[in-house]
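Look for subunit A in each of the two complexes below; its partner is subunit B in the first and subunit C in the second.
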Partner chain A sequence: MASVMKVLSKPLTPEEREKAFKSSKKVEVLARQRLPVRYHVEDFDVEDRPRRFLEAFASILKHTNYRLALDHYIRVTTRCARCAVACPIYDATHDPHDIPCYRSELLLSIYRRHFTVSGVLRARLLGDPGLTDEKIQELADSYYNCTACRRCHFECPMGIDHALITHLGRYILSEIGIAPRALVVSTREQLTGATGNTSAIPVPALIDTLEFLTEDIQDEKGIHVPFPVDQEGAEYIFFTAVSDYMMEAETLKGIAAVMKATGGSWTIGTGYYDGINYGLFYSDQVMEHALQKMQVEAKRLGAKKILMGECGHASRTAKYFYPTYCGGKDALPVISILEYTQQALKEGRIKLDPSIVTERVTYHDPCNFSRTGWIVNQPREVLKAFCADYEEMAPNGRSNLCCGGGGGTVSIDEVRPYRTTVSGRLKAEQIRRTGAHYCVAPCANCKKQLRELVEDQGVECEILGLHDLIYKAIILPPDPKPEEELDETAGGSVKLSKGGES
Partner chain B sequence: MPNYEAGGRVYEVDEDGFLQDPDLWSDDVAKDFMSTEGISELTEEHWKVIHYIRNYYLQFGIAPMVRKVCKQTGFSLKEIYNLFPSGPAKGACKLAGLPKPTGCV
Partner chain C sequence: MTAWIDFARGPLFRLCFALMVLGLLRIVLITLLGVKEAYQRSSDKIVSWKEIRRQTIGWLFPVARFWRERPIYSLFSFLFHVGMIVTPLFLASHVLLWRNSVGFGWPALPQEVANWLALLVIVTGTGIFLGRVLHSGARELSKFQDFVWPLLIMTPFITGYIASNAVISPRAYQQMMLIHIYSGDLILLMIPFTRLAHCALAPLSQLVTGIAWKFPAGSGDRVAETLGFADRPTWVPKARLATAPDAAQPDTKGESRK
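The block that comes next holds the complex of A and B.
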């Protein structure tokens, strides 16, 4: 199938443009915050922003090693704009401001002007007044128009990782109070709130949900499939996007079924059960604190490995940043459920009935899984093992297109028109062209965005997780006898009431 | 905080139009807020979903899992979307007076 980027590169119509960039924000809020962005921001100190921005920037440079990357990037950047061809946003807007290296230059120019000797001298000679409030406003708008999909860094001849610069820009902005409220409110609940997770799900509700899921599987399959809770010494401690416990029953049922079939020793900890880490999208400090919570809970239960559910950013954060912040080489290994299931299938420990899913299936690569090449083939191997009618999108794998809701933008409901008109436009066309009945997207972010996308773009396709399909097709061994149920799996099943008090 | 006015009553709401104080909920709230969700009339089916979500919230402090809403009320997900066009996590929760869901919901 031909790449949609080659076939469909026409800019938005004026009507689409108006819809995508319309702001629902009230005039008085825009005036009060002096920040023309479409996402909501909690009120913050608007005075003297350039000075505070530079102080935050200086502080981050002092305490991190971003300077290494920035020093290199300002030397090699040529602003050749080759990255434009890789960017789905630019493909839609054809606006030079949306070329990745233009976006990066916004921050690099501040770095060059204020944090290098030559920049400071040059500014003295030329009388450059330095960072202005207008530039901060442009940054705040521009850096959340990018979905941080990291597709552009493949095209850069100089190897610049534009998404790293976007990440740093957002981090600095958040230090002066500019960050989407949707992300801030969620992480506040996660790090300091009573429930300790981004969707504010209390433990009794979690337990009720897990009990319900076990009953649901019993009703549908006639087999007892437990969700072990607070099992000390389990091999795997399981973290998923906590929103799955509200939205993704089928995914969770599929995962539990796989764990049951393979006799996997796993547990969900009631001390902390959220894999989400929005720190990846706007703040290294938030990222560190959320990862430490994960570490504390894994230690509490004496788990040997961390098992991540179907969520791209959560898995990537755990895989690549958890060792950085929690223990280095001694950090627990991090494994995605996609890897676990593929391995189990390869070893013949799960059986999938190939006659169940007869409709056409396609696979959407979540950027946070595929861009590094970490998880590309594993889910495909699983799907091809039991889905007869499997169709690829183009492009796919490492050079896939973002769902349009990456970089935390999917949680920002007020930018939905932008996500489904601009950043997700090519993805909608990709899905449409496969003619698939099911689009598998093993990521909580991608699922939410793709469902909104197919709805807004009128594409007939059901979006679901990999384990949703597995759940339909998995052949579970029958339970021996009802009374033996409670001690039959390797991990030890558990009475769900143990972990929580209602 | 913005205000929302309907049915001769004034409500404090957040930027997304969700009731600011979930304790101030009554059936009137659902009736007054339905137009913001593109609903012209609240049928018995709407009330069944709203009351289920509301009671679950009072017991557990959070909205129930979508699958549980479907199973307990007997409606398919599609039927729930027909009743509440913006979905169970948004529209139905708004009319049931719950706070706006956070995270990836």
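The block that comes next holds the complex of A and C.
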């Protein structure tokens, strides 16, 4: 792997560097916020930032479990820089400030200085002034340069999880009003707005879209494939990145086709239909509230399982934090559509035509799926079942490279030059090397980022979701007569226990 | 000088050793209690113990992991650690010293092997020191103490090797032993208070990280409340649902994740 990264990396030219790190802020915004970070921050009280930062830090330490990790990390960190070689950002910039360990050290040093006895004593002795505005600026810049892809975690011999530190750092910053405007505006609409979702899609528009998609499938495949809405007692309640309803028609059609072919009982709730949870990227409170909205909707419709669409961060948040905030071991099980489809394929309940997709296909592992080892082989099994020319990227699977838009940065349009020249640099080369015509990325964020990436870097490759390809190749059973339909819906449901083990 | 040496390898050694053991016990205990407390605070008790165990064991014997990143540095680092732990523990004269002082002992390595191991520590120690100095990233990252540690740790090995192998005058021998024993005592004493504590804490890292990702329910609201943002507009559930379990079917409990 080391060799792969060495071959791929090309140094950043000075022009690229300047473009990538240029602040897009207007002068008056800069004057008001007094913080030249590249992404915009919300207008907020700018006075006394260090004190408010420490207050927020103290409050978070009091109510959460982060102190355990911080205490441990400051005792074991050896700063060996082994993580540097694992970091795609450092590989592009070769700036020591982009080494994951350096990034973590920014926050760990604040913790050591202000929240440990020895740190406070040492500061007294040496006359250390403590946290300054400059340090907060560096922190704010650094923590949104990181895409929170967690690749470095595997390379740290001391087991330090730099992404946890990034998560905490961003949380503290958000509590003093420093957070990307794009994320804050979206979650405000999601949590307090009239539409209740991040893309502000009202229910009538959603219904229109779904009807349109059904008609579309009827035209293309000649079969009626419904998108069930508000069906009480359905087995699965479906959440996906709400932007999919605007941008990823093919993915949704593929998912509906799979559900139709397997006879799965599923529904989309009009009370809440957004899987996106930007809280994972900057605020535990937002994360909890968004998940609770999901819980309320699942309860309203009496769903038994939560089915997540093609979205990495949404699926990870639901899978790993739904139990945290919504009932522990009694919480509803969460499964991904990727698991569902693979399981159905294994059981022979969907049929895919291997003669449709003849172009070379490659698969991009969304970090939030693969890093924990949750979804690595499932989509590959599906792809290999009907794509003759399948090519792996290197590295792949659990140690894949981030698309460059992780950690919510993909939603920040101001940082597009950074994403496509710095954080996605290796990914572009990786895709180019496979020579693939299709790059499958089953994640709304990855798709958006990769499309911008191949456009800016001039890579000839079409980015799509797994179910886009499935939709092309799926053989749907002809519409049954009304009396047969009943039998079919009663018969087919995925056995979850098998899906969970795979 | 003999009196100084005897003092250092007698009472001073016993003191430093005891402080090391107690100090390490203390921080290990603190960490484990922290893990327990964090686990109890979080409502999510689904922890992938298997993954934690796998990663922990993987890092204790990281042979398969060298080749991924910085292979030479990683290999050197591993050999350095092996030599550093094995040599002092199984050196014949150390075992003898222990036996005379405490009353029991254990089998020792042949002197020949111990010599090679000491050399290995010196060579790999120099290697990882150079690795830190020459790798631009590591150099920028490191603080003063990071450069000093490998040198300090190599001191007892270098002096010990010279004392037991080189043909030197009795006076020089005693000087070497003096440095050897005092630097050894110093290292033992410093272990629990510095990052050398990773000798006991590193095996707990994966556990700590795994549990630290388990957030307590309602913590976000409590943080906001403490900071005076309780009335910050957000989505407010009709009833506090965080603690109320879902109406889950009995046969689906906990099946999504093992």
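By our rule, the second predicted complex is superposed on the first by the 475 of 502 C-alpha atoms of A that agree within 3 Å, B and C clash if a C-alpha of one lies under 4 Å from a C-alpha of the other, contacts with A are read in each partner's own complex, and residues count from 1 in each chain.
One rule holds for everything that comes next: a residue touches a chain if its C-beta (ideal position, glycine included) is under 8 Å from a C-beta of that chain, and two chains touch if they have at least 3 such contacts.
The structure presented is a predicted model; accordingly, all values stated were derived computationally and were not measured.
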Self-check item: Superposed partners subunit B and subunit C on subunit A - clash or fit
Solution: fit
Quiz item: Thinking of the overlay built on chain A, is A:E189 touched by subunit B (first), by subunit C (second), by both, or by neither?
Solution: first
Exercise. Tell me which partner A:F212 touches in the superposition: subunit B (first), subunit C (second), both or neither.
Key: first
Self-check item: Superposed arrangement, angle subtended at the Cα centre of subunit A by subunit B and subunit C, nearest 10 degrees
Solution: 150
Exercise. Please work out whether A:P202 is in contact with subunit B alone, subunit C alone, both, or neither, and reply first, second, both or neither.
Key: first
Quiz prompt | Partner chain in contact with A:F53 - subunit B first, subunit C second, else both or neither | solution = neither
Practice problem: Would you sort A:K293 into first (subunit B), second (subunit C), both or neither based on which partner it touches? | Solution: second
Quiz item: A:Y282 contacts which: subunit B (first), subunit C (second), both, neither?
Solution: neither
Exercise. Considering only touches as defined above, state whether A:K304 meets subunit B (first), subunit C (second), both or neither.
Key: second
Quiz item: Of subunit B and subunit C, which one contacts the greater number of residues in subunit A?
Solution: C
Quiz item: Is A:V242 in contact with subunit B, with subunit C, with both, or with neither (first, second, both, neither)?
Solution: first
Quiz item: How far apart, in Å, are the nearest Cα atoms of subunit B and subunit C after the overlay?
Solution: 17
Quiz item: Of the residues on subunit A, which ones does subunit B touch that subunit C also touches?
Solution: none
Quiz item: Hey, which residues of subunit A end up touching subunit B in the complex?
Solution: 25-26, 40, 181-182, 185-186, 189, 195, 197-202, 204-205, 208-209, 212-213, 216, 241-243, 245-247, 249-250, 276, 311, 410-411, 413-414, 444-445, 448, 502
Exercise. Show which residues of subunit B lie in contact with subunit A when the two form their complex.
Key: 2, 15-16, 60-68, 71, 89-90, 99, 101-105
Quiz item: In the complex formed with subunit C, which residues of subunit A make contact?
Solution: 1-2, 55-56, 59-60, 62-69, 71-72, 75-82, 84-86, 90, 94, 96-97, 99, 101-102, 105, 153, 155, 157-161, 164, 175, 188, 190-192, 196, 283-290, 292-293, 295-296, 298-299, 302, 304-305, 319-321, 323-335, 372-373, 399, 496-497, 500-501
Quiz prompt | In the complex, subunit C residues that touch subunit A | solution = 27, 30-31, 34-35, 37-38, 41-46, 48, 51, 55-56, 59, 62, 67-71, 73-74, 77, 132, 135-143, 146, 195, 197-198, 201-202, 204-206, 208-209, 211-224, 226-227, 229, 233-235, 237-238, 241-249, 252-258
